[in-house]
């Protein structure tokens, strides 16, 4: 319980503002447990609100399928070596894509994952934008368009990648710990 | 006018939702011109709202001085080679710190900038978190605490760094262009 | 069955030399299935023999505990982004260490894994030797000795690291695919 | 004599098992001196046997010419900055290729070496596999096949590269020292 | 005045040899102030003479336009994170190119600068030669020729790049400080 | 003869200006052959003069021993993978240091070379300044002073390093070829 993160104190849920407690209750009901990122961001309520509002915008208002969002997230988090996001979003990736092996493949090396050509282009772009943002130029964007992605899809692939470059860094500094449940979720057929 | 960004269409301000137009009007009044990042994010209103709400939380609810926020922003954006953020936040850095040479120093190489020992530690941490998030460990965080930063300041240094790792990547993909005004602002004594 | 590797033909087991068939039979009985690395190396029997003889020497004649060998293997394979070795040795790591979360932690970032100080030193050395062999100098070796490792243990940490730098590269070129069974093995309590 | 390696004790030859003494005697007769890698691996006889058995398989059962094996070895060892292997295999490369300048060229920068187009492709592949094994994909392997290499030759180019990624790391940790003789061998016309 | 550089003593101008004093007087008259690089190199007169003679050869005997020389200089110095050269040659770049925004664009990321296709090729070459000289091969040189550069222009692009790789390193070790005047020069329309 | 460099035409010696012919004659008499760098720089006489004048200043006016200059040169050129400078200055290093193995050790990996503690510090500094000039800070310079180097020696270590960062890049672009004689010079006892 106290292991949500290791470098900052985790506040008692009872001491959190009403809106945070409501959001946490919803997530806990949905998942069956409280994902530790919610407990960790309770440390600073203004950042809790901003962080999850941004995440909500990314998944609620996008032409990308949810499984595509999670595939990008796992590949980016693997490139950044982020334990919390690889494990927690690895679980979501397995579940949304209904593919028990996909997350381990993406986290280890998206180039050897079982994905379509279109998704390979999407993930190449996301990993390049993660590792070498200064190298993204017209040619890199054109490759995404050649793979069939619309303008808004290109924007959203960038936005999901950018958001997890934020998220991975907060998890790294706070040493956020994935809940035990995430490690095994979605691994069955 | 049409040069806010080069890889996505920039919507007419008149077509934007009411809340975006209000925010843009406020920023335009404050700056004397509309910073292009507001015009660019108009492309996707849900992301506009999330992005600026996060930014507001970072600057409105922090024990860090605004000039410290801008110093981190310029050093991070320099490490990521992000034109929009180096130029636009360079202007803000010069103005908030009342230091006409500081932004060019930080964008080029924070190690040769005229800053205090404490700020050197802060910037070393921000640049390491930008370039090698996987290497941030207990020792790296301890160096910040040894330099006198409180827990909440450490969190906020991380959060500003993380946010501009998001922001730099959106600017890179969209090829956002700094307004001409930013290049020269705050350079006088 | 035909998915042991994707860039070279996989020979029929029946066509393999007697000694290879015997070794494969033993491994199949032990694991309950034939790990694909045995099927893949069947492509070149002389290399099959050399590869597994070296591996046998590493695990059969070492003061290191088997779980230590597997911890090094997973951390090295994670640093090299090697899908086959991360997944197959991840399973062995979970089983030998009786630690269902350990392999995901080591493959993602050994710096955030739940390991002792001694094992952190061992893994730091293995990852540095993997990423920057030219930087291993007296000081790096001394840190291992300071952590309590004997001469022979230092040699063996190096040898396991070196061997999986070989193994990861063969798996990368051949595009060896982990058996489905490995992904989920050892994840229960 | 006592300078075969600097970080582990070198056993007296007389104390080594019979099979090691026989192998060392053969090598000493062939070369006119005992190459230090044999003295160094005497530290751990089980690893001595495994290491040289693997090496024998690579050179005795391959469609690659011996000079090609040595060219790959020198380029890989140069990329890994490995003194022992650059100097000892540099001598072998000069001798087998009957090319007194080739080893210095390959160790310094294979891109400026006097080699055929086919060998440039072979060496590009070996150096990429050494430096970035995670980037080897279908396109990289296809370039080798386009240069005319058969399946088995591709496998063997990979295997030689992989083996010297092992060997370079053992030499680095042990600080193996090339025999004086190797520095000048094969330099005459 | 005493802030020309921070890691070596700056000699009094009166104590310098006659030829150095004359050169400094000329530069001071031309610029309206003494650029600090002249004061810094006064530390070692033989190096002062060699350094500025080389610089004179580069700008006085070249088919490249002076603005091209300064564009290369700023891009190279940005890649090397060199404060003195980014700020001092940034001023010259703005003035010679009559382009108040160009230097900030080139120092931050030449890929997002407002330059022609030909100049993009020139700057790509200069930055690659700066960051990875070992990768310059026939294909890299051919791209310059395909962009329309003559043999002598290719040589001179290389020479300017090479010279500022020298210059940036001297400025880094000496911690040379740009004169205040350079930061703002050439920024008006 | 025509192999001094491969990417630019080499002028006939007879067509060179008088002062270049005199310098070449002197060098040819000293070495017994014309080192190819002199033939290559004949392509552009103004650069020939500037380049060798700078080199003369470095070796003629320095408290560093000539063997120290050559040790730095070989280590820097090895770090930059520069064939011409590794081979030509490798010969000079062997001769001036009267150490037949030293150049191969320095070119491969200065960390495993047989050098004093003081020279290890000198070479660490030169290689860091070559690979990461932006990281040279007060602490890096202090380590040189702690090793006993005077102010002027620190300046000259930097200047030699900086000059060969220029030289290596010219040799890379021109594809300068070491004379055959250099490969074997100075290798005898």
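Going by the order they are written in, the chains are A, B, C, D, E and F; count residues from 1 in each one.
By our rule, a contact is a pair of C-beta atoms (placed from the backbone, for glycine too) under 8 Å apart; a residue touches a chain by one contact, two chains touch by 3 or more.
As the structure is a computational prediction, the values presented were derived from the model and not from experiment.
Student: Could you name all chains that are in contact with chain D and with chain F at the same time?
Tutor: C, E
Student: Going by the contact rule set out at the top, which chains touch both chain C and chain F?
Tutor: In this structure, the chains that contact chain F and also chain C are B, D.
Student: Which chain has its C-alpha centroid farthest away from the centroid of chain C?
Tutor: E
Student: So chain A and chain B: same face meeting same face, with over half the numbers shared, or different?
Tutor: Same, since most residue numbers here occur in both copies.
Student: Going by the average position of its CA atoms, which chain sits the greatest distance from chain F?
Tutor: Relative to chain F, the chain whose C-alpha centre sits farthest away is A.
Student: Express in whole angstrom the distance between the two chain centres, defined as the mean CA positions of chain B and chain D.
Tutor: Each chain's C-alpha centroid was found; their separation is 50 Å.
Student: Taking each chain's centre as its mean C-alpha position, how far apart are chain E and chain F in Å?
Tutor: Using C-alpha averages as centres, the distance is 23 Å.
Student: What whole-number Å value describes the gap between the mean CA coordinates of chain B and chain E?
Tutor: Each chain's C-alpha centroid was found; their separation is 28 Å.
Student: Could you list which residues of chain C touch at least two other chains?
Tutor: Counting only residues that touch two or more other chains, chain C contributes 81-82, 109, 112, 134, 172.
Student: On the basis of the stated criterion, which chains touch which? Give every pair.
Tutor: Per the contact definition above, the touching pairs are A-B, A-C, A-D, A-E, B-C, B-E, B-F, C-D, C-F, D-E, D-F, E-F.
Student: Given the complex with chain A, which residues does chain E contribute to the contact?
Tutor: Chain E reaches chain A through residues 109, 111-112.
Student: Which residues of chain C touch chain F in the complex?
Tutor: 134-135, 137
Student: Give the list of chain F residues in touch with chain E in this complex.
Tutor: So the residues of chain F touching chain E come out as 7-9, 43-44, 46-47, 49-51, 53-54, 56-58, 60-61, 80-82, 129-130, 133-134, 136, 138, 141, 151-152, 154-155, 158-159, 161-163, 165-170, 172-174.
Student: Which bits of chain F are touching chain D when the two form their complex?
Tutor: Those in contact with chain D are residues 78, 81-83, 86-87, 90, 100-101, 104-105, 107-109, 112, 175, 180, 183-184, 187-188.
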